[in-house]
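Here it is, the structure, as structure tokens.
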Amino acid sequence: MTPAVSLDGITKRFPGVLANDDVDLTVERGTVHALLGENGAGKTTLMNVLYGLYEPTAGQIVVDGTERSFQTPQDAIDAGIGMIHQHFMLVDSMTVAENVTLGAEPRKWGGMAIDRDQARQDVAHLCDRFGLDVDPEARISELSVGVQQRTEILKALYRGTDVLILDEPTAVLTPQEVEELLSVFELLTEQDKTIIFITHKLGEAMRAADEITVLRDGRNVGTVDAEETTREELAELMVGREVLLEIETSPPDPGEVALSVDDLTVVNEQEIDVVSDVSFAVRRGEVFGIAGVDGNGQSELIEAITGLRYPQAGTIGFNGREITDDSRRERIDQGMAYIPADRHERGVVMEFDLVENGLLGSQHGEVFANNGRIDWSHTREHTETIIEEYDVQPPDPDATVSSLSGGNQQKFIVGREFARDPRLVVAAHPTRGVDIGSTEFIHERLLELRNAGVGVLLVSSKLEEVRGLSDRLAVMYEGEFVDTVDPGAVTEEELGLLMAGEQPEREVHADE
Amino acid sequence: TGGPTENDGDTENTDGGSASVAVVYATGGLGDGSFNDQAQTGLERAKEELSIQTEHSQPSDTSEFSRFQSQYAQSTSPDYDLVCCIGSLQGDPLSDTAPQFPDQQFMLVDANVDEPNVESYQFREEEGSFQVGHLAGLLTTDGLSTGAASTTDATSVGFIGGKENPLIKKFEAGFKAGVAYTDDSIDITSNYIGSFNDVTRGKEAALTQYNNGVDIIYHASGNTGTGVFQAAQEAGRYAIGVDSDQSKTESKYADHILASMVKYVNIAMFDAIEGVVEESFEGGTATELGLEQEGVKTVYGEAIGSEIPDEIKSKLETSKEQIVSGEISIPTDPSNV
Amino acid sequence: MSDVLSRAKERLRAVLERSARLSAVERILISTAALVLAVLVGAVLILVSGRMTTCTTAAATYFGVGFCYDPVTVFDRLFFGALGDPMNPLFRPFQGEFAPPFRKGWSPFNAAMAVTLRETTVLVLTGLSVALAFRSGVFNIGTQGQLVAGALASALGLLVLAPLVPGGVMGTVLLVPTGLGIGAVAGGLYGAIPGVLKAYADANEVITTIMLNFVAAQFALYLVSNHFQRPDSQVVETVPLPDGATIPSVVFDPRMKFSLFALAIAIGFGGVIYYLLRYTTLGYDLRTSGLQPTGAEYGGVKTKRTIVASLTLSGALGGLGGAMYVMMILGNFQTGVPSYGFDGITVAILAGNNPLGVLFAAPLFGIIKSGAIVIDTSTSMPPQLVDVLRGLIVLFVAMPEFFRMIGRRTIAEKPNPDGGEEDA
Amino acid sequence: MRELVSIGRRRGTLVWIVVLALVGVSLSGFVNKGTVSSTLRLSVPIAFAALGGIFAEKSGVINIGLEGHLIISAFVGIYATDLTGNVWIGFVSGVLASTLLAAVFAVVCLEFRADQIIAGLAVWFVALGLAPFLSTVIYGSVNADSASFAPITIPGLSKLPGVGALFDAAPPVYLMFLAVGGSWYVLNRTAFGRWVHASGENPQALDTAGVSVRRVRYVSVLLSGVLAGIGGASLSLSLGEFSGNGQTMVDGRGFIAIVVYLLGNYNPIGAFLSTTLFAGLQTVQIQLQSGYLPSSLVQTIPYLTVIVVLAVVGRTRTPDAAGDHYESGEE
């Protein structure tokens, strides 16, 4: 049988960067193929080449036995290739059906109008066929990330895609959503569709994929059978050395309360309570984790704590002082570091270079700004230190952040926030989009801070991360803490039940 | 069919003996169908009769006047014998420029600069405006019907000004005084458009006035006035022109233009130029031109002026004499009417 | 072999590209190229329209065809006229005649130069006003209104204060800074209105500032004509400011209405704003909000206050420009203020919203404004063409990519003309 | 965030209706056939330019040069009418001239990646100089005149009180209603309208869906030239006059058009309502001048009203990608 896709000697050169270096890749029809590699290894670039977004500097693309040359994504679409990017390409103000049919709208009245009923029906039909649960009438802006992703899949299927490429599809999903996605993969391959997906999660790759290809420094360093490989083998292929895959943590030594939250109620933009009456405390020297399906109020809770949103009721205390009405700036000044979930919106100013971003949040403090005058040379040194310590690539303090890969942006933000000499770190998805080597490093640093007596509030959709790092773990469901558990004792199944709002059989409380 | 034509000799830049004159027009520029155009006719006449060389410019804002004035004053090729400054806004800049160029002769219209090398000409617009106010008052009372237009039963007249400034208010004041002189009970509506150049809004304002029963509108609004004439045409009513005989300059609307309050800027221009050519230029003089000097005058419309009853015309003659003799005194501020 | 070549070429191109991204040199090159192209296109336009009109003598003859307007004269008048004709006609280095380059009797302190520089002075301030707001992500189209507010307030303030202050040098020392200060404060307050509306009522500043421009003009008209009208004047204006309240000229003849002192202040503000944006916390906050308000909020910037601050500062610069206009150029307040505020938008945009760039863009417009007057008085070409030229310059400066393309074609392709087929 | 916006928008519409009703009631004393037709006439150029602006900006290209389109079409309309003696030929020529200018703008923005705001300003400057310049070259004066549109009166209907004005107007007024309805339809019911929307909100989404963003933007910008051209030609040909002094007869209407479509939140109908609000206030303002307030203050009423309405209605949301250049294949 001819492979669905075969890439032959693909090379892609950017000014100053060799992103792909003579890559060969063969993907069989009806299989799932995972692509692994560190940040900047060239995964996204390779897929963009296959999708016609970039023209390769050299090499051939063979689809279904025919050599193809793609000038634009439309050419790739015509050849039956669909791609779902890390940043969804959806129009937020339009509905699911409108997005799915965009560019291929069913028409009526001799093309003079869109046949909206037809569009709705077509989409509903697709949903049925591939077991995707999406409301065609819903507006994208009102949907969770998982559903948005399904919309993207629908979009590709609507266009008759045979080969579906997904760039880090699970990075932003909750465990439940990941499960759903992987079962969608199964349904798709049953119907003879081919799937290529990029991931940083080894377990996922091994579970979902038939074959796994690892890229390093733009080269294909090996394609392995998912059944036969091990996590260790994959990690070594990716990083070129052995990687510690388990999080090793020592017992905590909690000190006084760093952060206390009492009866906190937060409303969202529609004035609906999204956090109701939540109380908890984070002590110095411990990691307090919050697990939960995205959209259950975690982000609003965190924004209230970090000062980006004011609560409706309740109080927040920090270092023994009430800070409920303090501004974001005052909280920063008092030693609160914050790794935000949406780095493009919050964590960095995309058009600034690294030096300018190194100052973000510290511009009012004494260290880098004296009497309103910024000490740029000091800021630059500081930035260079972060870059070096956290291995930010490229190590160029004058590079604009937007030119860094997502993983490197994340490393930079983490570095900057950890370097703040904080008393409390609020970390939301600190390793999202970060490769395993760097993830390991970030985890180590996080634990170092905790051991040095810093309180850590951790929110993550990666269950092994919250379980592995947290000393106590709260589960959030519909704006409330349904339970606080001992992360060492709880099983994934139990956690899953709690996150779905159900009580497991066994009592899993953590002792306060 | 453009480009240079063969020089057949009928031109401007000939015999060395004649004078050369530069004109700095008021902002608003040529083609306004009133003030600047009227000045230009004086220049044209001088060109023909005195065969002078001319040059002109049309500044776009006030801050440019002094620069234009001195640019001409210092020019050596040609060395201008006279620089004409049109419009009241040129007064201030000229009081700075004139002393800088004591050898340069200037003439100034609509303001007074007391310098030995400046001849100032000012007009008593309120006198002419009084006359057309009187005319409007009489006609709205007595009624008039010509082919294309007619008055209504109501006695109501209107005024439309361009920008609201003291000069235009002089027109308004004179007009109102003239109407009131006819009959105190006549309604007067008065609107300012805020621009000398907005035909559209001039038209809408005039239409509004006509819709509200106004018979006759007197405008002092430059280009904006074209809109007033259009409105008169659409509504079948009357209008009174300003600055030049607008039944001629805007002949499309002649059937609706009863008269125009002509301000003979051209005469002032011609006189000054003639003075220069005949070497009788008298700096330091301020000439005030009113009804008496025929500097302002009511000129009846070319097409329909003849339909105005003689009896009304003679009443106007009478009031003119009273103004000249000082029997009637006219305010220059509308709030004093 | 072609591999080595193409790699060398790649490297060269990378270098070019990198320097293209960073350099101010490139900006200057592009601006110059834009200027040249605008002049060329303008010349064609002049020739074409010169065929459309009729005239008795040809102003110029090219290729045996006579034209009514001569582009060479027009541009000579535009650029050199604005400087008061500095060039010695006998200085023709290309023909090998090296007479002294400057015309005898030419002084840099001439009237044309004064106009150029005084326009420049006001335009630097309005350009900075717009640039500062744009850099903070606020589209302040209202510099015109803020300028009017500043002009009016400084004139009225000085008229009230002047009698209370001793005459002579002492009076000037007191009154001039006061007048400038009043202008800045008034402009700042007027700018704060759309700032507050944007920050606290979410009102789009493009709309409010455009509307407030009209309001300022009308309100000034009302105030002056109903309360401060100069008696016996035919236009709406206040009485003249006393001598001590106008900015004293330096070197230039006082009647030329230009003060080097004022220009120095304006340039000083260019430096101040540059410093503010680059080296201060406030400037960092402003730039951060301008680029990414959500990121700014995260970084502890009080975004609402920053919006108000940027519009207030921007308004203050506009108001200062207004005070300069009144205290240097007019000597009183008159309605019908020229459109310095709108020209400021163009200046700022041409300068890439860089305060130091403004110092270069403003003189260009000063020259165009002043040179237009010279064209009007010394050629028969209708001066509106200067507006077209201004538009063309702006248009060409707006498309750096066009010049980069040309630049790439001519520089990067040439070393290896036959290797081009390898890359897309 | 997005939710907030959509709620805000919905609330905005509500507030709008209330505000309009209030303004309407308080001004009802002035509503008669005369003021209604005056309002409609004053609306024409603004409404057309605003519709044009909506198409361009919704597709992601901010066309700040609407004023320039109005100016050039106003002049060419008069010139061509004068040459041919036929108002309709003049009208079409005016529209063509404006479209040509839009084409230049489109090329400069889409091919040469020009900053849209700068290029738009340039378009304005060029037109502001070119129209009076050509007028001077051709007519020896910045002002020119020609024949004008004759009104079309629909018998019977035109006699209705108040609304009678809708049936007794020059052709541009009827065209305006067609264009508002048509624009709404195109934007909300056709595939092209959806592409315009996507092209302005998330061009990558459109591009990866296989529709050429470049083509959509070209068409939109050209459409904005056509529509603004209709506005400009209507302005001058309703009068048979072009006046080119100062800011020319267009005198800022292109900028008011931007205000109006922002206020109408990029909805053709909202923009039209805002236009009539503004034009209606202009009409009423003339009537109020005769009261005891100084006319200089009365003239601020339309502008202040817009500010107040905006402060009450609040946010207008610009399309996400408006002003950004988009190159296919960009990450």
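To keep things simple, chains are lettered A, B, C and D as they appear, and every chain counts its residues starting from 1.
By our rule, contacts are C-beta pairs under 8 Å (C-beta built on N, C-alpha and C of every residue); 3 or more make two chains touch, one makes a residue touch a chain.
According to UniProt, the chain labels map to these proteins: A = ABC transporter ATP-binding protein; C, D = ABC transporter permease.
Bear in mind the structure is a predicted one, so any value in this text is a computation, not a measurement.
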Self-check item: If a chain touches chain C (ABC transporter permease) and chain D (ABC transporter permease) alike, it appears here
Solution: A, B
Self-check item: Shortest chain-hopping distance from chain A out to chain B
Solution: 2
Quiz item: Once you count every C-beta pair in contact for both, which comes out on top, B-C or A-C?
Solution: B-C
Practice problem: Could you grab the centroid distance between chain B and chain D (ABC transporter permease)? Build each centroid from C-alpha atoms only and quote it in angstrom. | Solution: 36
Quiz prompt | chain A and chain C (ABC transporter permease): spacing of chain centres that average the CA atoms, whole Å | solution = 47
Quiz prompt | For chain A paired with chain D (ABC transporter permease), centre-to-centre distance based on mean C-alpha positions, whole Å | solution = 44
Self-check item: Touching two or more other chains - residues of chain D (ABC transporter permease)
Solution: 142, 296, 299
Quiz item: Which residues does chain B have that touch at least 2 chains other than itself?
Solution: 27, 164, 194
Practice problem: Could you check chain A for residues that touch two or more other chains and list them? | Solution: none
Quiz item: All pairs of touching chains?
Solution: A-C, A-D, B-C, B-D, C-D
Quiz item: Where on chain D (ABC transporter permease) is chain A touching in the complex?
Solution: 1-4, 6-7, 189-191, 194-195, 197-198, 201-202, 204-211, 320, 328-329, 331
Practice problem: Report the residues of chain B in contact with chain D (ABC transporter permease) in the complex, numbered from low to high. | Solution: 27-33, 60, 164, 189-192, 194-201, 203-205, 207-208, 211-212, 223, 226-227, 230, 252
Quiz item: Which bits of chain D (ABC transporter permease) are touching chain C (ABC transporter permease) when the two form their complex?
Solution: 8, 108, 111-115, 117-119, 121-130, 132-134, 136-138, 142, 244, 255-256, 258-259, 262-263, 294, 296-297, 299-300, 303-304, 306-307, 310-312, 314-316
Practice problem: Note which residues of chain A are touching chain D (ABC transporter permease) in the complex, please. | Solution: 48, 53-54, 72-74, 77, 83, 85, 89-94, 98-99, 102-105, 107, 111-114, 139, 141-142, 155, 159, 268-270
Exercise. Provide the residue numbers of chain D (ABC transporter permease) that touch chain B in the complex, in ascending order.
Key: 32, 34-35, 38, 41-42, 139, 141-143, 145, 235, 238-241, 243, 245-249, 251, 282-283, 286-287, 289-290, 295-296, 299
